[in-house]
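Quick one: the structure is below, questions incoming.
Note that the chains take the letters A, B, C and D in the order they are written out, and that residue 1 is the start of every chain.
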Amino acid sequence: MSHNSFGHLFRVTTFGESHGPALGCVVDGCPPRIPLTAADIQAELDRRKPGQSRFTTQRREPDEVRILSGVFEDERTGGQVTTGTPIALLIENVDQRSKDYGEIRDKYRPGHADFTYDIKYGVRDYRGGGRSSARETAARVAAGAIARKVVPGLLVRGALVQIGPHRIDRANWDWDEVGRNPFFCPDAKAAALFADYLDGVRKKGSSIGAVIEVVAEGVPAGLGAPIYAKVDSEIAAALMSINAVKGVEIGAGFGAAELTGEENADEIRLSNDGTPLFLSNHAGGILGGISTGQAIVARFAVKPTSSILTERRSVDRFGHDVDVQTKGRHDPCVGIRAVPVGEAMVACVVADQFLRHRGQVGQSSPWPFPRI
Amino acid sequence: MSHNSFGHLFRVTTFGESHGPALGCVVDGCPPRIPLTAADIQAELDRRKPGQSRFTTQRREPDEVRILSGVFEDERTGGQVTTGTPIALLIENVDQRSKDYGEIRDKYRPGHADFTYDIKYGVRDYRGGGRSSARETAARVAAGAIARKVVPGLLVRGALVQIGPHRIDRANWDWDEVGRNPFFCPDAKAAALFADYLDGVRKKGSSIGAVIEVVAEGVPAGLGAPIYAKVDSEIAAALMSINAVKGVEIGAGFGAAELTGEENADEIRLSNDGTPLFLSNHAGGILGGISTGQAIVARFAVKPTSSILTERRSVDRFGHDVDVQTKGRHDPCVGIRAVPVGEAMVACVVADQFLRHRGQVGQSSPWPFPRI
Amino acid sequence: MSHNSFGHLFRVTTFGESHGPALGCVVDGCPPRIPLTAADIQAELDRRKPGQSRFTTQRREPDEVRILSGVFEDERTGGQVTTGTPIALLIENVDQRSKDYGEIRDKYRPGHADFTYDIKYGVRDYRGGGRSSARETAARVAAGAIARKVVPGLLVRGALVQIGPHRIDRANWDWDEVGRNPFFCPDAKAAALFADYLDGVRKKGSSIGAVIEVVAEGVPAGLGAPIYAKVDSEIAAALMSINAVKGVEIGAGFGAAELTGEENADEIRLSNDGTPLFLSNHAGGILGGISTGQAIVARFAVKPTSSILTERRSVDRFGHDVDVQTKGRHDPCVGIRAVPVGEAMVACVVADQFLRHRGQVGQSSPWPFPRI
Amino acid sequence: MSHNSFGHLFRVTTFGESHGPALGCVVDGCPPRIPLTAADIQAELDRRKPGQSRFTTQRREPDEVRILSGVFEDERTGGQVTTGTPIALLIENVDQRSKDYGEIRDKYRPGHADFTYDIKYGVRDYRGGGRSSARETAARVAAGAIARKVVPGLLVRGALVQIGPHRIDRANWDWDEVGRNPFFCPDAKAAALFADYLDGVRKKGSSIGAVIEVVAEGVPAGLGAPIYAKVDSEIAAALMSINAVKGVEIGAGFGAAELTGEENADEIRLSNDGTPLFLSNHAGGILGGISTGQAIVARFAVKPTSSILTERRSVDRFGHDVDVQTKGRHDPCVGIRAVPVGEAMVACVVADQFLRHRGQVGQSSPWPFPRI
C-alpha cells in the first residue's frame, strides 16, 4: 500500500534518486517461463535514455541494466527465462554532476516538486530533483519491457503528436517514421517543424509542453476490472503518475464532450468471419472499463519543464523572497522522452489486467454468447 | 485488490445493480468520533438523485440511505458519531421498471458496456445496465459525504462548465449560482443557454457530452504519496472510474502542452504573514504529486449517453447484425448528475491521502524549513 | 488496505455490530457463472447459529441471509448464478437484548476487547461487544459458503478436537459423527465426555478453551504465493483473526519442534498411476508455502470466553478499581461455534489462492516435469 | 498484491535467490528524518549471518549491506537520515558453491519446497533452494533493523526456548545470556544442554526442530486494525511466512485451550500513577487484535531442516522413484538463526501498525476516558 509500487498481480516497485548510487525496480508477479534477458530490457531503456539528440538533456547516462534475480536458464535452449519469483533490476547512476545543483538546494523552482517535497518530508535529496526526478522513469521503462512479454500478441507503441502549438497531421501518420526522428513523431513533416521550433526553445533556455499518444494493439477483449480498476481508470492513474503529466484522455477524450450520442456511438457489424467489428473507435478500445478488443488509445499532456534559464520569482526554504534561474542540464521538452515511458505504463496496466482477468474469470466467454 | 473498492486507509467498497434489490457501500477506515447521521449523507444524495428536473432521467428513486453500522451515540450530545468500525450504507431500489429493458437484453447498445460485460463474464444483469449503470454512483456520493468530514476545513465543490459546444464564461463564475439551476452551472447566462440547448437534445431523444470542474479548497499542503499514488494520479483514476468519463485534467491540463516554462511557472512570493503565496495555479494545486496548499482543480469530460432513440447498427449476443434503439428512461446529458459524483470522488481521494500522510509522516513540516 | 477486508482476488469485506441493525459482507471477485442461492449460504449459517444446544449462547438469532447483488438468473435453468460483480449479503439482527449490557458499558471485562477498543477509538458500541463480538463471524461463514464453490472439488471440514483438558482419540475419527453431536466432534466417545464436562463449566457460569482442526481436501497442488502470502501464512492470519484464537499450527505444528529431519520428512513414492504419493503428511499439505496436493491440515486454539459469572478485578473507564461479573447470554465454550468459522476462513484462503495462482501462472505444470 | 511484499504503510518487498548475484529489499513508507546508516542495519545482519559457530551452516557470507536510496545527509549533524522515499538495500551473494547442488537439481528432497516450486512454476533456480532458501531472510532482518527505529521506545528481542525435546527453564531467563551463547538461549544451563544435544544431531548429519519466543516491549496501547489485520493476525502471518515455521501462538497460545475463563482472565488494577496495570499476560499483549500496552509475546515452532544425510525415499522430476541424500552445507537446526528473523518480522508488523494507527486514529485516546 505504500506508494512506490503499482499494479496488483503484475506489480512493480521502483526506488532510487537522480544522484544516488543507483535506481531500479522489483517486478513481482511476472509469470514463469517467459524468455527474458537484460538485452530485452536494454533495448527499451536505450529508447528513453538521455543525450541521444540535441533535444534532450546532455547528461550522459548509459542506463545499463542488470537483472539481479527472478530468471534462470532454460535447459533446452540455454537461454534465460523468468521463474515466477521477483525480478530485481538495477541501473547504476554514472554521470551525476551534483555541483550543478547547489543553487536549487535552498530555492524552490516554481512549478517544481522541490517545494512540496520539503513541505511533506522536511528533508530531501535536492540533487537533480532526487526522487522527483524523471530519472525514476528509467525503472518504469525497464518494467514495461517485461510487461510487454506477458500478454501474447501485445504491441504497445507511442508517438509525440503535439509540441507547444504544433500538432501532427494524422493523415501523415506512419509508425515507421517514429523511429527515424528524435521526437518519436509519426509525421515526418511535423518532425521537421518540431526540430525548428524546439531549437528556438532550447536556445532561449526555455521549455515547452507536449502531447503523447499511446496505442495498444492486441489487447484481448474482456480485460478490465470494474468498477474502480477499469482499464481506463488504471491507465489514467498510470499516465498521470509520470512526471509533469497534467491530463489524460481515452479515445475521443475531451472531444467527447462535444459529441452527440449518435456521433459517439461506435457501431458494430459482423465481420466475414462472424466476429463483431467496430466501425469506429471513439471509445478508445474500452467500454464500461473493459477492453473491447479494439486498439486502446490514450493520450497525455506533459507540461513544460520547470527548469528554465529565465528568472522566476520564488521563495527559499528560510522564508525569503528570491529569484530562481535553473542552469544545469535539462530537457527543453520532457514530453519527448515521455513517449517510451507512456508506452511502458500502458503495457504494465495491460499485463496486470490480463493476469487479474485470467485469475478472476479464467478465460473470456466465447462469442456469440450462449449466455451462462 | 478486487475491484469494487477504492482508497487505502479511507476505503470504500460499493455493491449493487441498477435493478437489484439494493445498492450501497461499506466505508472502512473512517476515523472515530466524527459526528455523522443519515441526514448528512442524504443531503448529498439528494443533489445527485434522478428526476429533479426535465433534464435528467424520469426514474423516481428516493435514494433513501440507511446506516447499518459504524456509528454510535455520543453520550454528551445524544448525537451520533463514527466509531472507527466499518460504516455500511444501504439504498434500496424502488422504481425498477425492468420491462423497459427487454429490448437490450440481447442487443448490444453501441458505446455501452453491454457488450464488454458479456464478453468478460458470459452473463450479466441486463436490467438498466446492471452493475455498469450510473446508479452505482449513488454509493460513491454517500461515501463522499463521509469523506468530506474527515479533513478539517475541506470544501469540495463542482460545476458543469461545458455542455456540447457551449462553455461557461469564467468571468461570470459564481458558486452560489450552482445551486440555483438544474445544471450545477456557475454562470447564470450559460445555464439559460444550456437549458435551451438541452431541450433540443432531449426532444430528439439524443444525448450530449459535458465537462465538469471540481475544486477542492482547504486541502493541507504536503498530502500526496509519490510516486504511484500522487494526488493527481489518484484523482485521475477516481474520476476516470465514473461512468462515461473519457478524459481528466489537472490545473492547466491539456492546455499545458501549449505553454512555455515561463508561462507555466506558478511564481511564489511571501505573503504578509510570512507564508508562501502562489501567484497563479497552473499546477492545479499539485506539484510532484503532492498538494501545495492551493485549491486542487480537476476537470473531467463525460461522453454522451449511449442510450438514444435513433437507431444504430450493432450485433446481438447470438451473432446477428441488428439495429438498436433505446427507449427506457435516460439522462440526455449524464454529465449533469456527474457533478456531485465528481465532488465525492475528489473528497474521497483527499480524505484517504490525508490519513495516509498522517500515518507515514505524522505531520507536515513547519515552514520556513530548518531542514531536518 | 483498511482492515475489515481479507483476500485479494477473492476479497471479503465485513461490517456490522452485535446489536446494530444488521451485519453482513461484500464478496468481491467471485468468478461468474457459479450457481449460488441464498439457501446455499443459509445451510452454512445454520451450522454456526446460536441457540442450537444448551452448550451455546441462548441468544435466538435466525441469521437469515439475503443476497442483495451479484447474482442473476441462468436462462437455461431458471436458477441463479454469480455474475462476477460484488455479492452483498445482509443478515439482520433480531434478538438484541441491549439492556443486558448496561453493566459492561463502563467496566472492562478482563480478557475482553472492551478495554482496547476504548483505548484505540475513544468510543465504542458496548452492546454485546459491538464490532468485537463473535457475531461478526456469521458474515465470514456466509462468505465461506461462496468460497467453497469457487474451487472445483474442494471439501473443507472442521472438527473440535479438544475442550479444556479433554482431547479426542484420533483412532475414533469419523467425519460422519461431526454432524451428530452439538460439538462438531469426530469422536463419539469424546463427544459424550465433552457434554458432561461442559455441563459442569456451564453450570458454574465459567468458560473453557478448545482446539479445532480444519482439513481441506481437493486443494490442487501448486497453490500458494511465496514469500509473504504462502498458503500457511494466509491460513495463520485468517484463523488468528477469529475472535479468541491464540494459536495456529499447520500439519505437525508445534510438535515439529521435537522431530528430527528423518522423522519429519514426508517421503514420496510413485503411485500406480504414476503420480507422486506422499507417505505421510507432517507438512500439512504445504511445502514452501505452496500446496502439495495432499490435504491441508490446520489447527487453532481458542481461549475461554472472558464473559464469566465469577467476579474478576478490573478498572472502569473513569479510572476506578472495580470488580466485574458478566451476566448476559454467552457461550461457555466459544470454540464450538468456531468450527464452521474456521472452515470458512480456510475455504476463503484457498479460493483466493486458487484465483491468484490461475492469474499469475495460468495453470500448474504437468508432472513429470519437462522443466521449462 | 503480488506476494513478495509485506506490510501496508511500512511496506517491505524482498527479492533474490540463494545463489543469484544478490538479494535485497525495498522498504517503502519509512517516515522521514529517522537517523539511519548501513552500520545500523549491518549490526542486525551480523546476528543472523551464517558460519558464526559450528551449529550453523558453514557457508561464509559476509552479508554486507549497501543502502542504494532513501537516505540523505542531515545538514546539522552530517549523519544520514531517511527521506521518506523508498530505501533499497542490496546484499551481494559471495560464497555460492553451486556445484554442491547438482544432486538436488532433479530429485525432490522430502519436506522441501523443491517439489512444490516445480509443480507451481515448471522451472526453478535449484541452487541452494533458490528463492525458497532461508537466505531470503537476510532481507527481512535488514528491513527489521529499519522498522525498529520507526516506533519510539520499541524493544523487540527473541530467544530460543526449545530444541527438540529440550526446553529452557523460564526461571533462569536472562536476556543478557542470549548474546553469550550461539543459540540465542536465555538460560545458560539450557544453552550447555543444547550444545551437547546439537553436536549429536550435527555429527549424524541429522537435523532438529525448535521453538522461538519473541517479546516486543514498548508497543503503545491501541495499535491494531480489526478485524482482519489484528496485531496477532499479522504477527501470525509474518512468522508463519518464515521458512520452516509450522506453528505460531500468542501469549498463552495453545495452552489457553486448557484454561478456564477465571484462569485466563488478565485482571487489572490501577497502578500508583493511575494507569491500568495488568496482573498477568495470558493475552500476550493483545486483546481483540489491539495492543494493550503490555509486552507482546509470540512463539513459533520451526521444523527440522529437510536437508539431511540419511537417505529418504522420493521421486525425481522425470517421474522415477529415487532415494535422496543431501550433502551440501546446512544448518542442523534452522531455528537458531530464525531468532533474529522472528524479531525482525514482529518489528515490521509493529512499525506498520503504528503508522496505520497514526493514520486512521491520529493518536490514541487518553485514559481514563471521557468517552467521545
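By our rule, a residue touches a chain if its C-beta (ideal position, glycine included) is under 8 Å from a C-beta of that chain, and two chains touch if they have at least 3 such contacts.
All figures in this text were calculated on a predicted structure; none of them were measured in a lab.
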If you tally C-beta contacts across B-C and across B-D, the winner is B-C
By Cα centroid distance, the chain farthest from subunit D is B
Once you find the CA centre of subunit B and the CA centre of subunit D, what distance in Å lies between them? 44
Rounded to the nearest Å, the gap separating the Cα centres of subunit C and subunit D is 26
Could you put a whole-Å number on the gap between the CA centroids of subunit B and subunit C? 38
Shared-contact residues (touching 2 or more other chains) in subunit A: 1-5, 8-9, 14, 29, 32-33, 74, 81, 84-85, 120-124, 131, 226, 356-357, 360-361, 371-372
Residue numbers of subunit D touching subunit A in their complex, please. 1-5, 7-11, 13-17, 20-24, 26, 28-29, 32-33, 66, 68-70, 72, 74, 81, 83-88, 90, 120-125, 130-131
Contact set on subunit C toward subunit A in their complex: 1, 8-9, 29, 31-33, 74-77, 81, 84-85, 226, 355-362, 371-372
For a test of understanding, state which residues of subunit D touch subunit C in their complex under the given definition. 1-6, 8, 14, 108-113, 115-124, 131-132, 136, 162-165, 201, 206-211, 221-230, 232-241, 243, 245-270, 274, 276, 279, 282-284, 286-293, 301-308, 310, 312-321, 335, 356-357, 360-361, 364-365, 367-369, 371-372
